[in-house]
Structure formats: C-alpha cells, structure tokens
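Worksheet: the structure to be examined is printed underneath.
As written, the chain order gives the labels A, B, C and D, with residue 1 at the start of each chain.
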Amino acid sequence: MISLGHFVALSTVLFCIGLFGVLTQRNAIRFLISIELILNAANINLVAFNRYLAPASAEGQVVSLFVIGVAAAASVVGLILIISIYRQRQSVFLDDFNLLKW
Amino acid sequence: MVNIAHFIPLFPFAAFWLNIIFGRRLGVASAYVAVGASAISAVLAWLVFQGLLSGGGSYTLTPWLTVNGHPITLGIIVDSLTVMMLLVVTVVGTLIQIYSIGYMGGDPRFSRYFAYISLFMSSMLGLVLVDNLFLLYICWEGVGLCSCLLVAFWYEKPAAAAAGIKAFITTRVGDTGLFLGILLLMSVGHSLRFSDMGVINAPEPLMALAALLIFMGAVGKSAQFPLHVWLPDAMEGPTAVSALIHAATMVAAGVYLVARCYPLFTAHPLALQTVAVIGAISAVMAASIACFANDIKKVLAYSTISQLGLMMLGLGAGGYTGGTFHLMTHAFFKALLFLGAGSVIHAVHTQDIRAMGGLFNKMKVTSLTFIIGALALAGVAPLSGFWSKDEILTAVWHHGNFGLFIAAVTTSFLTAFYMTRLILLAFFGEYRGAHKAHESPAVMTLPLVILAFFALFLGLIGSPWAHHAFQRFIAPAEGEVALDIGMAVASSVIALAGILTAFLLRGKFLEYKPGACPLIENKYYFDEIYDALFVRPFHWLAAAVARFDRERVDGVVNGISRCVQEIAQASRSLQTGLVENYLVAQAGGVFVLIVVLTLVGKLCHIF
Amino acid sequence: MSYFLTAIIFLPLAGAAFIALIPAAQVRSIRLAAVAFNTAVLAAAAVVALHFNVSAGLQFLEDRVWIPQANIHYTLGVDGISLALVVLTALMGLLAALASGCITKRVKEYFIVYQVLMTGLLGTFLALDLVLFYIFWEAVLIPMFFLIGIWGGPRREYAAWKFFFYTLAGSVAMLLGILAVYFSVVPHTFNMIEIARSSSMMPIAAQMVFFLMFFIAFAIKVPVFPFHTWLPDAHVEAPTPVSVILAGVLLKMGTYGLMRICIPFFPAAAVLFAFPLAILGAVNLIYGAFAAFAQTDFKKMIAYSSVSHMGFVLLGVAALNATGFNGALLEMFNHGVITGAMFLLVGVIYDRAHTREISAFGGLASVMPRYAFFLTFMSLASLGLPGLSGFIGEFLAMAGAFFRFPSIAVISAIGLIALVALFLVIIRKVLWGKPAAHAGYPDMNAVEIAVMLPLAALTLAIGFYPQMILQFQTYAVNALVGLL
Amino acid sequence: MTYSLNFISVELALVLGALLILMAAVFGAGRKTLGFAALATVMIAIFRLPATMPPGYPVFDGMLVSDTFGYGMRLFILLTVAMVVLMSLAYAWPQDEDMGEFYFFILVATVALNLAACAGNLAMVYLAVETLSIVSYVLAGYFKRDILSTEAGVKYFLFGALSTGLMLYGISLAYGLFGTLDMSFIGSRIAAGDAHGPALVVAAVLILAGLAFKASLVPFHMWVADVYEGAPWPVAAFLSVTSKALGFVLLARIFFSNAVVAVPFWSGVAPVIAILTMTIGNLAAFHQNSVKRMLAFSSVAQAGYIFAAMALGQAGLSTAFFYIAIYAFMNMGAFAAAAFLSPADAQLEAYRGLGRRAPVMAFLFSVFLLSLAGLPPLAGFMAKFFVISAAVEARDYILAGAVVLNSILGFFYYLKVIKAMYFDDETSVRECLVPWLGYLLVGGCAWGVIFLAIHPQAILDILALMFV
C-alpha cells in the first residue's frame, strides 16, 4: 500500500535530480528540463500532502494546478529568452554568456 | 611726583612705531625722533630720581592677568636700584644714539636702525620698572628680540644673520630657565612680586631651585659662563649697538635681575654660592681669552663678559652695593670704550688691532677718551672703575672664600694687562694700516668726551669724600660703610702690576705666533663643543623625525588604504559572469544556511 | 534674540544661494557678494560678542524639537568656550574671502562651496545637540574635499582623499560614541547640557570607553601625534585661503570638541586620561617643531608648526585646571589668528614666486620691506615672543600643565626652544641674506595689507591686554572645572 | 464579497489599463501617449486605493490580507512604479524600441507586486512572485538587438527560475508540515511551538532563498550586477527599488508578522547575512568603472543596511521600512539622474566634467550619491542614523560597527563618481539635454531627500500606523 512516505521520497529524489541537473548542466535547454523536474517534485508533494494530511480541503491540488500553469508560462518565457540569445551567439552553452562580468 | 614713572618707556615705544611706519619719509629726522624720545625719558628719570629722594615709592596701575587664582598686576617699582638703572640706561642710551647719528650716517636703512634702538630702549626701561617677575619676563624677551634684530642689522652678511640668531637662541635657552623658574615660583610661592620675594614660605629645595632657574635666565642674558658664546659673535652688529646693548644695558639686565631678586638668593646660600662661582669662572676665563684676541671689538666683548662675571662674583659674595656700583660705573666706561673703538674702526676701516698703531697723534680726542676709559676699566686709582672694583674685592675678601678672592685678583690683573696691550698696539708705535686715519666728526667725539667725564668722576660718589653717598643710596639698610685702605692699596698695586707687565712685553705682542697656546686662542673650543653637542644633533634629529613621519606614520595610512583596495579588487573577481558559479553559490548558500541553522537549533536545543 | 544664532549659521548658506543666482561670468560681483555676506556674518558675531553677558553661562539659547521619535532637538547656544571660536571663524572667513583673489578658475563654484563650508563651521561651534553637532561636523567634510580637490596644488586629489577619509573615519567613531552616550544617560537625551549635568552617574568603565570613542574623532582633527599626517598634505595642496581656514578654524573643532564633550561628559575618565593626554601634548609640541625644522617646503613648515602649537592646547586641556583651560582656549584663538596670517603670507610669496621651496627665497627684506615687517611680526608671534598674543596662550597652557604635571611641562620646554629656532631659521632663509637675482617681486598690495592689518593688530592687542579675550571665558572655564 | 472586489479594484484597474495600452500599441499609438496612459492607469489605481479601507476583513477568505501594513506598501509600490513610468517617459530610448509592451509589462508587474504585498497565503506568495519574475525576465532582456540585454535577461531567468523553484519546494514542505498554506494559521501553529525540527528549518530556508533572491541578500546577490548592467536604466531602477522592497515586505510578512519561526535564525544568522551583504556590496563596488554596475552593487549594500535593521527582530522592522522609504527616493533619483546624464555609455569616463556641462543634473546626482553614502545633512544619513541607533539600543555593537565602517567604504566609490564629474575635465563635449519630465522626476526625488532630512516626521507617523 503506497503511503505518504513513498510519495515524499519520490518527490525528494525528483527534487535532488532536478537540483543536480541545474547545477551541472552546460546546456540551457537541459537547464529548463531540470527546473521542470524541481517544480513537479513540488507538485507531487502538494498533492500527496493534500491527500494524506488534509483530505478535507482541496487546497493542495488546486495550488498544484496553478503551479503547472505558471510553470508552463515560465518555461515559455525562458525559451523565448534562450532563442533570442541563440540568435545572437549561435550557442546555448551557459559558458558563452559571460560578457557581463566583474 | 613718582607716579609718572610708567611714562618713561612709552616715549621710546611711540618713537619706535613712528620710525617704523613713517621711517621712509622721516629719513634723518627719524634719528631726532629717537634721540628726543630718549632725552625726554632721561629728564623724566631725573624727575623720578628727585621724587624718590623726596619720599616717593612703588605703585600699581591695573590688574593684568589672573593665573591659578592669583592676580598678576601691572605695577611700577620705584626704588634706588631702579632709579639708578633708569638714569644709566637713559643717559648712556641718549649719548649712544647721538653718536650713532654720525656712525650710521650713510646706511640705507637708517630709520629702521633708530626704530629698533627705540624699541630696545622702551623694553629695557620697562624691564627695570615693572614690579613682578612675569612682566619682567615680557620686557626681558623684548630686549632679547631687539638685540637679535640689531646684531643682524646688516643681514646681507650671512655671519651677521647667523650671529643674530645665535644670540637670540642662546639667550632663549637661558630665558626658558627663567620661564620655568616663574612657573615654579607661581605654583609654590603664589606670587611673583619682587617685594614679597623673600617672605615666601615654601620647602627649601624648591625655592633654591627657583632661584637657580632665575639665575639661569641671568646667565643667558649676561653671557655668563655656560651661555657666553653669543656675545663675541654679536660684535657683527654696528658698534653703537654693541656699545648700548652688549656693553652697557642689556647684558647688565642679568645682574639687575639677580640684584632685584637678592632676598630670594640670600635666603638660600647654595644659590648665592653658585652665582659667585659662575661669576668667578666667567671672569677668569673671559679675561684670559681677551689677552689673546686680536679684534678690538672681541677684546672688549670678552672684557665685558669678565667684568659681568666680576659683578656676579661681587653679588654672590654678599657685596650687593659693590656689584651694583660696578654695574653703574662699568656701563659708562665700557660704553666709552666701545664708542671709541667704533670711532677707530670708522677711521681705519679694520677691526684688527695688529693693523692699527700710532693712532694717538692722528685721533687725539678718541685716543685720549679711550685711554681714560681703559684706565677706568683697569681700576687705576682716581677713576670710577677703581672705586667699584675695590668694593667688590673687599666684599669677596670679607666673604672669606679664598679661591674666589684669587679669581677676583687674577681677573683684575688680566684686565689691566689686556687693556694696556690693546692701547699699546692700537694707539702707540707706527701706523701699520692702509687707510689714512682721521679724527671722527664732532657728533661722534662729543659723546666720547661726556662719557669720559663720567668715567673720571662717577666713581667719586661712592668714595669716602662723598662719604659713600652711593652705598647709602643703593642699600640704606646696610649701615655704615668704611673704605678698607689695605684693600684699596692692594687693588691699585694689582692694576699697576698688570699695566707694567703689558708694558714690558709690548715687544712680543706683534711677533706672537698664533697657535702657541691653542686652548685659549680657540676660546676653550666652546663653539665647537656646542656645535657638536647641540646644533648638529638637532639637525640630525629633525631630519630623522621628518623621515620617520614621512615613511612610518604615512606608510601606515597609505598601507591601510592599499590593503582595502586589494580586498576590494579580490571581492570584485568573485563576479565571474558565469551562470554556473552563481547557481552553485546560491545552492551552496542554501545548503550552508540549512546546516548552520540545524546546528544552531541543536545547540540551543530548541528542537 | 531667539533666532539670532540660526541667522548666523545660515547666513553664509543664503550667501551661497545668492551667489548661485549670479551668472558665472561676473566674477567681480561674485567676489563682492561673498565678501558682503561674510562681513554680515562677522557683524552678527560681533553683536553676539557685545551682548554677551560675561558672568553668565549659556546664552542666546534656541531649543526646538526636531525629531520627537529619536528625541533629537535643534538646540543652539553660545557660552564662554564657543564665543571666541565663533568670532574667530567669522573673522577668518571674511579675511580668507578677501584673500581669495588668487582663485581664478571656476570662481562661482568656489564661493558657493566656500559659503557652505562657513555654515558647517559656524554650526559646529554653536550646536548644543549631539546629533546637530555631528551633522555640522560632517557637513564640513564635503566642501573641504571640493576646495582642496578642485582648486588645490599638483597632488590635490591625493590630499583631498586623505583628508576626507581620515576625518570621516574619526567622525564615524564619534557617531557610535554619541549613540552609546544617548542610551547610557538615564533620561535619554542628546542635549549636551543635560548629559554634562548627569555625567557623574555613568560607570567609570563606560566613561573611559566613550571618552576614547570621542577622543579618536577629536584627536584626528586636532591633530594629535599619530593621526597628524593628513595636515601637511592638506595644507600644502590647499589654495591659500582654504589653508587659512583649515589652519585657522578646522583644527579648533577638535580641541573645542575635547573641551565641550570629552571633559564635561566623562570627568572621571578625563582625570584618568589627563596624564596620557599631557604626554601626547608634549610629543605633539616637540615632534611638530622638529619635523617642521627639516622641511624644505615653506607651507609644510608652517603646517608642522601648527601641529606643535596644538601641542600647547593639548597641554592646557590635560591640565584640567582653570589656568590650563584658559590657556587652551586663548591659544586656540591666537593660533587661529597667527597661523592664519602666516599662511596668508606664504600665499603672498607663492603668488609672486610660484614656488614654496624655502631655498628659492632669500634677502626679501630689502626687496619687500612691508612683507618683511609682517612676516617677522607673525613669526615672532608664532615663536611665542612675550608682548604678542602667542605668548600669553602658551604661558597659561604651560602654567596649567606645570601645576599638574611639572615633569612634562619641563620636557615640553625643549619644544619652546625648538620653535624659536624654527621661526628664526624661517626669517633668516626667507628675509635675510643677499636677495636672489630674479627676486624683483612687487611688495604687498593694498588688499593683502588690508587682510594682514586686523590680524597683526589683534595679535598685538591681545598680547598687551589678554583680559580682552579672557573675560569671556572665565565663567565657562570655572563651570567646567567645577564638573571635574 | 463586495469588500473583496473593492479590495482588488486597484489591481483590476491596472490590468484594464495594461490591456488598453497593449491594444493602443498595436494600433500604432505614439510613445508619449502610451507613457501618459500608463501614468494615468497608475494614478487611477492610487485613487482607488482608499476604497480598500477599512482594514481587518478577510479578502477571498485568507488569500489576501487587508491590513495597514499592506495598505502602506501598496501605496509605496504604486508611487515607485509611477516614478519608473515617469523615468521611462523621459528616458532616451533607442529609436526602434516599441514602448507598448514595455508599459504593459510594467503594469502587469505592478499587479503582481500589489498582490504579493498583501498575500495571506503561501500559494498567493508563490503565484505573485512567479508572475513578477516572469515579467521581470522579459523587461531585463528588453533590448532584443543588444547582446548585453539579452544576456542579462537569460541570466536573470536562469537564476530566478532556480530560486522560485526552491521557494515552491519549500512551500510544499511547509504545506506538508502544517496541512495548510494560510500564513496566519501557520504562524499560530509555530507560535504554539508544536511544529519544529530540521524539516521546519529546511522549509524556512528554501522559502527564504526565493525571497532573499528578490531582496538581493548575500548568497543570492550574484545576479544583481550583471542584470542591472544589461537591463535598460528604467528597468534597473524598477528592480533596484520596487522589487527589492517587495522582497523585504514578504520577508517581513512570512518571517515576522505572526510566525516567530526559527528564533535562532534571526538572532544568530540574520546579522551575519546583513553584514556580509553590506560589506560585499560595498567592496565589489569599489573598483567598478561602470556607473551602472557601481549603482547595482550600491543597491546590494543598501539592501544590507535594510536587512541589518530587520535582523534586530521586531523592534527593527519600522526602522527598516523607514530606510526603505528614503532608499526609494535616493536610489530612484540616482538611477534617473545617471540615466539622464549619460543614457548610452554608463562608463565612468562618460561622466567626466559633467559638473560643468550639465550643472543642475550633476548637482542633483551628487546630492543623491551623497545621500546614499550617508552624508549628514541629507535623508540618507537620517536613515542610517536610525538603523545604527536601533542597533546600539539592541546592544548589537558589532552590527552597529559594521554599518558605520561600511558607510566609510561607501563614501569611497560614491565620491569617485562625484570626483569624476567635478574634478576631472571632460573628454567628450556631448551636450546633455533632458526633457522637463526628467527634471520633474529628479527634482521631486531631490526634494524628497532634502525634505525628509529636515522633517522625517512625515514618514515616521505613517510607519507608526503601519506597525501599530
């Protein structure tokens, strides 16, 4: 029987993978994917806690729906920016974005 | 009639400002302004003298400053010592100023000279009039300033400039002693007035120290033993200046100070003894140097130091009247000698007595007056020098200290010796100089004659024929004074012996090879010692301090700013511009925060 | 008279605003406006001096609430201690404005910044609320930074930076001190009078720490020995009128602070720190004189000499008795007048010879007799010749120090002799000797003499009748001694 | 319900205005008209604000909270946005930029800001912060053709996405801990002290990450310089004043108003973060030769001072927001003046000799810089003075000493700019003409800086109401 522990474990694992992905990626697109992982880990948490801890209200699920919507908007904007910088630098590698420094 | 005394210094002071501001326009008239002012002062001094005889006394004018709760008031002291000094300063001053009209004839800064002389007169007169030590110190420094300005009057000559500064600094060293004495007296005795100088009940050693410190000021000003080096160099100034300041008045201020604070010194025998010893040393040492000096003004300068030493010896040996009497007579005949020397230099344009000779028949008046002055100085019987020097010898004899008496005797002997040597070399034999010597104009010779008159007859007022009028006038409390015939004879014998030996050795004076007696010829190497001990270390220390300041202290300041800049430079390079670094930093920050907080939570076991 | 002090403080600021309206081209009218406003300030200061009741403490009091939350009041007042300094500031302000003829580039900005500086200075001496005092204290920094930085000599920026950050570091320590005192006085207040009144309650340890916090700020301004290296640079690089104000007034802010804040607020600590303070005073005196002796730049010599003159003031303050305080206050006033005059004279020679190397002068007495008179007069006043005002201040300070620490007073007597040697050497190197070939300089013109005459007259007058200044101080000084 | 509608009528007006402007831009309306339209929208929103009084009623059952603190902050946000719009009206935009979207984004951001200011629920906090961030990423990268601007946009996105992601995860953990996202409920649970332990710390720190990113505190401040340098001047001003203020508002709401979570957090770690922020901000700004980057780091340092006040706990809160109010005037004025003085080239050399070429604007710019540095007669000093006196009152001498020492460091680089303007003589003779609107804005800010120095009473009374 899947209990709350499993869900929390799953979400923590997802969160760590996403975090690891964010910190080590060279490629901007892979970065976006890792961000999605983190957001979905949070969603899992929200839904699981709603189901197991506060079944009365649907607050957790409603919020996770919102999160999905907003996450989509965020990645759209992210992609726009990455495309616009790609058009200028012909590369999406994060190391190339180093004109602004010191 | 006495309380007009405080106007005496004001006239020369006004003359000073007149000459300074309108000097250029007044031209020669500035001399008349100065002479007029000091003449008026002389008349006022005479009136005050009459007032004193008819029972006048000291009086105070206004409270001036309160220090440590005790008021210092501007007071005027009118007693025999002051009046004697007033008369001496004004009379000699006026005569010398008349003389310097001729002597300073063509000088471009004629009016500036008379301005300084008037300022000197006013501060000297102020010095003898004020009734407390603090105001005396003010006039004391004023006098020192004027001596520096006048010595360095021809400041184009580097030697004159250096001599002026040397004079001011050396006297200032002494004055600092006086300054500390004043502070000590104020902190212990709470009063600086001369009248209650003797009655201060304070711990013995402190009062002795105060007396010694005050004496240190006198030593500086009267060019006594340790601080005498400035007087011979001060001869760089015009001879009239040397006559007025470095012979008659200013150098006597030291003796005046000791005489004025005499109750303080007599209350502490140790202080009195030091005065005597210092006087003796200066007298003998200066006299010995004078015997070998070849510059006419240097001879007279060293003779002044030795005569002042004699006066200090007299005072130190308890002979208050002797010291003051010699002070008065010495002022006149030493001024005469200097003015005579001035007239000689004016004629032959050289100061080296070996290049003179045979002036007697060329400059009749100057030579005659000069010889009278010399005899008075040597202490030959009827002249003024004999009476006052005899007083001192009797005082030293009664004092009982045999060493001091020997010093006094040798000084008298040497004085007679070098004065005769001077006269023989300068006025007799054949003329060795290049210039055609001619007698000085009347304006210069007239003061010589008047001074010669004083040199001849001034002594008599202290002689038994005038039943010791001067002694009774100067120290009424000391009771009857008798002339010690034996001592009078002895001093005459000593004087004649001195003259005789000089007469016998006259042949050897000219072919005397310099270097035969290096110690005395080089003036006991005082200048070199002081230079090595004080001047050079002072410069070295100043340079060291400036370098320390520039490198060390500034170094620290610049160091701090440089290291702050370095830290800033380092922290700036944290911004690498690479996104990964930023993300790692952020995630790292979160991780560190979590770890720290859980630890902190565990520590204060909140969880 | 309730608004009089505010008028005095903000009159120069009004002048600045007025000058801002004048077009930059009309240089003459700008200078006239500046002189006019400064004369008005001097007149106002004179009125205050005339109406000053000699036997009363604080007068012309103004007390308005400024920020109730932080209990900050706009309090002004003048008493024996600050009166002489206010008059000095007004006087030097006017004379420096008159002597600003040598400023030719960006004259309009110069006078605007100059007037702001004057406001800051006047405010510092009149403020009785600690925060108000701090605000005016810091308000002086920026104008000085501009004055030295824009119109200064070759290394002006280094000097401006150094001056700014040195003083800022000190005043920041003072800010902490002010707040610490605010919170340790039971009825929390910034008012200096109340704090002084309730100063005995503070524990001795707290008093000592707060004393040091304030002392650092004032020591840098005085300047005291280890913190003095900004002074020579600032003086050498500042234009003449600015260095007149710097020497004439700015150095007094430090010693004024010592007497207004450090001594009355922390009497127990003051007694404990009296001996070190006296030692610092003696070191200042001797160190300054020796360092000055070895300098080759004429202006740097005068700068170091004012370090040693401030040594006298420190000795006076360290004496913690009526004579010492009187001497310190009088020496502050005299030093302002005399060293201000000396810097004006250095400016006169610099305008003609365009160099400050003392070896370049010589024999000027025959070339410029009037200049020679004034330089000799002022040098003698600086070396403390009795009969001139310099001596009276030094005498009282030394007397005060002697009563309390005789050994230190004796040691600092060496400084006296060194000072004499220093100024005589200055006279010899500049005035005496044969005039150099090219030294055909014109003598002092009318404006320069007009500026020098009041200073010389004041020096002579105080020298002959010191009661003129001392009468104002006695009440305040006795009150101060009463607190110890 | 009607009260709730009334409450969000401010936001509705803004949204309506934004949409209208977008439509007008599509139909080719002029740049000036769009600007004034945006300004009008903000004015209307401000007039709607009183309608949200009186405070105290729940809005949308807890999602938003109506209290005087929220009311005050919404007024602050609307005023600062009005300033930003005024600045962008007067700013010399490159010719080919169409301004419609710009004003649209600004207004949307304002809506998000207002909602965040009075958020009562953690979900609302996340939603508001996320929408604000999305809009800010686009604003930061507004100059599509300028490589610096796009890089700024991307960097801001990458950094922002991570931090909001972390915040969301924190919120989900909090939801797990307390079973609800309503902040007042969470606060009372924590106050009762029944939920604590490492989990709470992790949740708190993760939420803090999101907010600290907005408020640019130390570990999360790396993005500031690069984004400000790349972004156009008005956006940099907007980010440095309004969104930074929002960061502090949310910090106050979550970590202060009711929850006393992580007590060790405040007394132990917060002062360290504050000191680090100040010091690193000041030190990094030392050697900048671009005025924009220097101002960016100075805003980080100022954030440090604000957080120092907050680190003193409940007592320091009103001082912190007093500082924020004055900071808004100073910083907005400084950014505006810097923008008008040399719009294209932000290097220090471009500012040389401006003291003569544009005397009034240069003088005002110096006033702002000196006020930021904390020179006494100006409001900046008053703000710093209150912070230091709060620190000394709380016996936290280390913090007080740090603020004092940092203000010395601050003087160094602020003076460097003033030195360049007044001491050095100019290199380029480019005439600097500023429209009257610009003078209105900069003059207004200068008046604020000087008036608030003389009479800080005006703000102190409002703050007393807000933190009753």
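The rule is simple: a residue touches a chain if its C-beta (ideal position, glycine included) is under 8 Å from a C-beta of that chain, and two chains touch if they have at least 3 such contacts.
Note that the structure is predicted; figures quoted are calculated from it, not measured.
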{"item": "Interface with more contacting C-beta pairs, comparing A-B to B-D", "value": "B-D"}
{"item": "Chain nearest the global centroid, as defined over all protein CA atoms shown", "value": "C"}
{"item": "Chain whose average C-alpha position is farthest from chain C's own", "value": "A"}
{"item": "Chain A and chain B: spacing of chain centres that average the CA atoms, whole Å", "value": "99"}
{"item": "Rounded Å distance between chain B and chain D, as computed from the means of their C-alpha atoms", "value": "79"}
{"item": "For chain B paired with chain C, centre-to-centre distance based on mean C-alpha positions, whole Å", "value": "36"}
{"item": "For chain C paired with chain D, centre-to-centre distance based on mean C-alpha positions, whole Å", "value": "44"}
{"item": "Chain A: positions in contact with at least two other chains", "value": "22, 94, 97, 99-101"}
{"item": "Residues within chain D bordering two or more other chains", "value": "154-155, 158, 162, 166, 225-226"}
{"item": "Interface hub residues of chain B, defined as touching at least two other chains", "value": "572, 575, 577, 579, 583, 587"}
{"item": "Chains touching one another, given as label pairs in label order", "value": "A-B, A-D, B-C, B-D, C-D"}
{"item": "Residues on chain A engaged by chain D in the complex (per definition of touch)", "value": "8, 11, 15, 18, 22, 28, 31-32, 35, 38-39, 41-43, 45-46, 48-50, 53-54, 57, 59-60, 63, 66-67, 70, 73-74, 77-78, 80-82, 84-85, 88-89, 94, 97, 99-101"}
{"item": "Of chain D, residues touching chain C in the complex", "value": "355-356, 370, 375-377, 381-382, 385-386, 388-389, 392-393, 397, 400-401, 404-405, 407-408, 411-412, 415, 419, 422-423, 456-457, 460"}
{"item": "Residues of chain C defined as touching chain B within the complex", "value": "162, 165-166, 226, 228-230, 287, 290-291, 293-295, 321-323, 363, 365-366, 373, 380, 385-387, 391-392, 395-396, 398-400, 402-403, 406, 409-410, 413, 416-418, 420-421, 424-425, 428, 431-434, 465-467, 470, 474"}
{"item": "Chain C-facing residues of chain B, complex", "value": "20, 64-69, 137-142, 145, 148, 152, 155-156, 158, 161-162, 165, 168-169, 172-173, 176, 179-180, 183-184, 186-187, 538-539, 541-543, 545-547, 549, 553-554, 557, 561"}
{"item": "Residues of chain B touching chain A in the complex", "value": "572-573, 575-580, 583-584, 587"}
